[in-house]
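Next up is a structure, given as structure tokens.
Per-chain numbering from 1; labels A, B, C, D, E and F assigned in written order.
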């Protein structure tokens, strides 16, 4: 999962699609995520749920750790994935669980 | 949206697909939703987010009001929809907003 | 569901998009569905499963009855929907079950 | 399709989700759509293609006519739908063709 | 495709998400798949069709071989993929065909 | 991204699914893409937009370069991806931008 030779996705996007990256920084992260109408923990939960439901596995490496930072526990992410199995199907949840294991793996091995 | 002449979707499903309805009652609602690993408010938030992301507009009439019962405010549902616009696209969020207006409508008119 | 005033979807498509309709008749129905590599019952089962999984509820009015013609029973369609709940999620299966009830309804009421 | 008794979707969204509506006006329409990097005709084509591919039929009533305003012909919209049948599947294209017929109907009847 | 260094997805899921794995074993495989209302061959066909339609390529390594065990032939899986091209689009079918070649490859080379 | 040891996807599909490959050559490329009702540049734009919207990242290696051949510039592909962020969501656009960088990368580095 970690690819030390490659720049992170964020840097790749900024170089090839600067307007898209700028909108992400200024509008999505600078405005939406900062709005008090929903806590950052809530925003992380629904963002991760949407990634699971839509099968957007590539963004989990960014958003699962960000969810931890925002106060979601690893156990809650796993429970969210289990819950999502019923709303988006077993395959979507299964791929997300494998990705969660790759992302959190070391700590979960024991 | 309210169709007094027709039985609610839950009753229709129970009659035509009793095994599916039974699994919903016993496993999804009787087991998953009752697990303390994630609060009911959290479960409602991620369920509603998944419905928006996947464009499952028909289930919003059930889950938006259930979210209110579980402690999500109408303003938080609207903010969730706004947040989802960035993760599932404008059309998905727009259809959800129209549905939210139909469901919560009367109280929001003022 | 039945709208006697409107022409069926097939006729609407033929008038507005004749090339698309022609491809459907000649390639999809005239060639693919006629290939012996998969029975028509199998083709109906996988087509209906795909409609459920993708949430393409509008085409169920055509393909659920066609599946019956091709040897799938109503009970098998309902069981397919129940099975799909686990692979595409509860909301997709729930909408399909409601549609199945509308399509097969009269006979299932007793 | 036209529902004279109800306010248009745009107004509903503005009332229930003002922040979402504001982002649509200022960022999506006020900034993105105005960027010269892609013509408005191109933007309409890809927006309509995305609506077909994703099955977002509710937004077609807005974007199919907007595409006409932006220089796409009705015949080109129909051809786009036919092309999309191969990239998003027959059911997605079929629902879009029915919607196109409802939207452009009167003029296409002859 | 075969990654001898990594544990199989099933083991990963069981370790990180034991409740999800348990539901899979007891409800999905232990109950649903065993129901006589639909044969295992039928269940494999519709499961594989759903994986193709939804683009869930990661689960094909499990379900394509399971379909063979359940009486679906390799030729029928390929025909199902070809059929799905028309219902879920060329790209979904194309990715599935590449995966099928990886999974069945050695035997198909001659 | 380039895998010199493996045959290209087109060859894999032709060998495992010859009927599917034949339909692609004769109907999709031989008939649809050649129809004058929509220019090849337009067809490339909408095809690439559909790939982004549906998250079909594997086909981008074929269709992004084909779009260049058909008169779409790299800057227009990037702008299309940015536009799609609003219609299919940030994650879909982000994965597409990373893929575009891999495909066009060398030339974009300066």
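We take it that a residue touches a chain if its C-beta (ideal position, glycine included) is under 8 Å from a C-beta of that chain, and two chains touch if they have at least 3 such contacts.
Just so it is clear, the model here is predicted, and its values are computed rather than measured.
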Open item on the list: On the document's contact criterion, could you list the chains that touch chain C and likewise touch chain F?
Closed with: A, B, D, E
TODO: Pick same or different for copies chain D and chain F, depending on whether their interface residues overlap by over half.
DONE: same
Task: Farthest chain relative to chain A (centres taken as mean CA coordinates) - done: C
- [ ] Determine, using the mean of C-alpha atoms as each chain's centre, which chain is farthest from chain B.
- [x] F
- [ ] Using the touch rule from the top, work out which pair, B-C or A-B, shares more C-beta pairs.
- [x] A-B
Task: Equivalent-chain rotation between chain F and chain A, CA atoms, steps of 5 degrees - done: 120
Task: Centroid distance [mean C-alpha coordinates] between chain F and chain E, Å - done: 26
- [ ] Let me have the rounded angstrom distance from the C-alpha centre of chain B over to the C-alpha centre of chain E, please.
- [x] 30
Task: Euclidean distance of C-alpha centroids - chain A vs chain C, Å - done: 35
Open item on the list: Among all residues of chain F, which ones touch two or more of the remaining chains?
Closed with: 19, 23, 27-28, 35, 50-51, 53-55, 79, 82, 85-92
- [ ] Show which residues of chain B lie in contact with chain D when the two form their complex.
- [x] 55, 78-79, 81-82, 85, 89-95, 97-98, 100-101, 104, 108-109
TODO: Quick one: which bits of chain A touch chain F in the complex? Just the residue numbers, please.
DONE: 9, 12-13, 15-17, 19-20, 23-24, 28, 50-51, 54-56, 58-59
Task: In the complex, chain C residues that touch chain A - done: 53, 85-92
- [ ] In the complex, go through chain A and note every residue touching chain B.
- [x] 27-28, 32, 35, 37-38, 42-43, 45-47, 49-54, 75-76, 78-80, 82-84, 86-88
- [ ] Going by the contact rule at the top, pick out the chain B residues touching chain E in the complex.
- [x] 19, 23, 27, 35
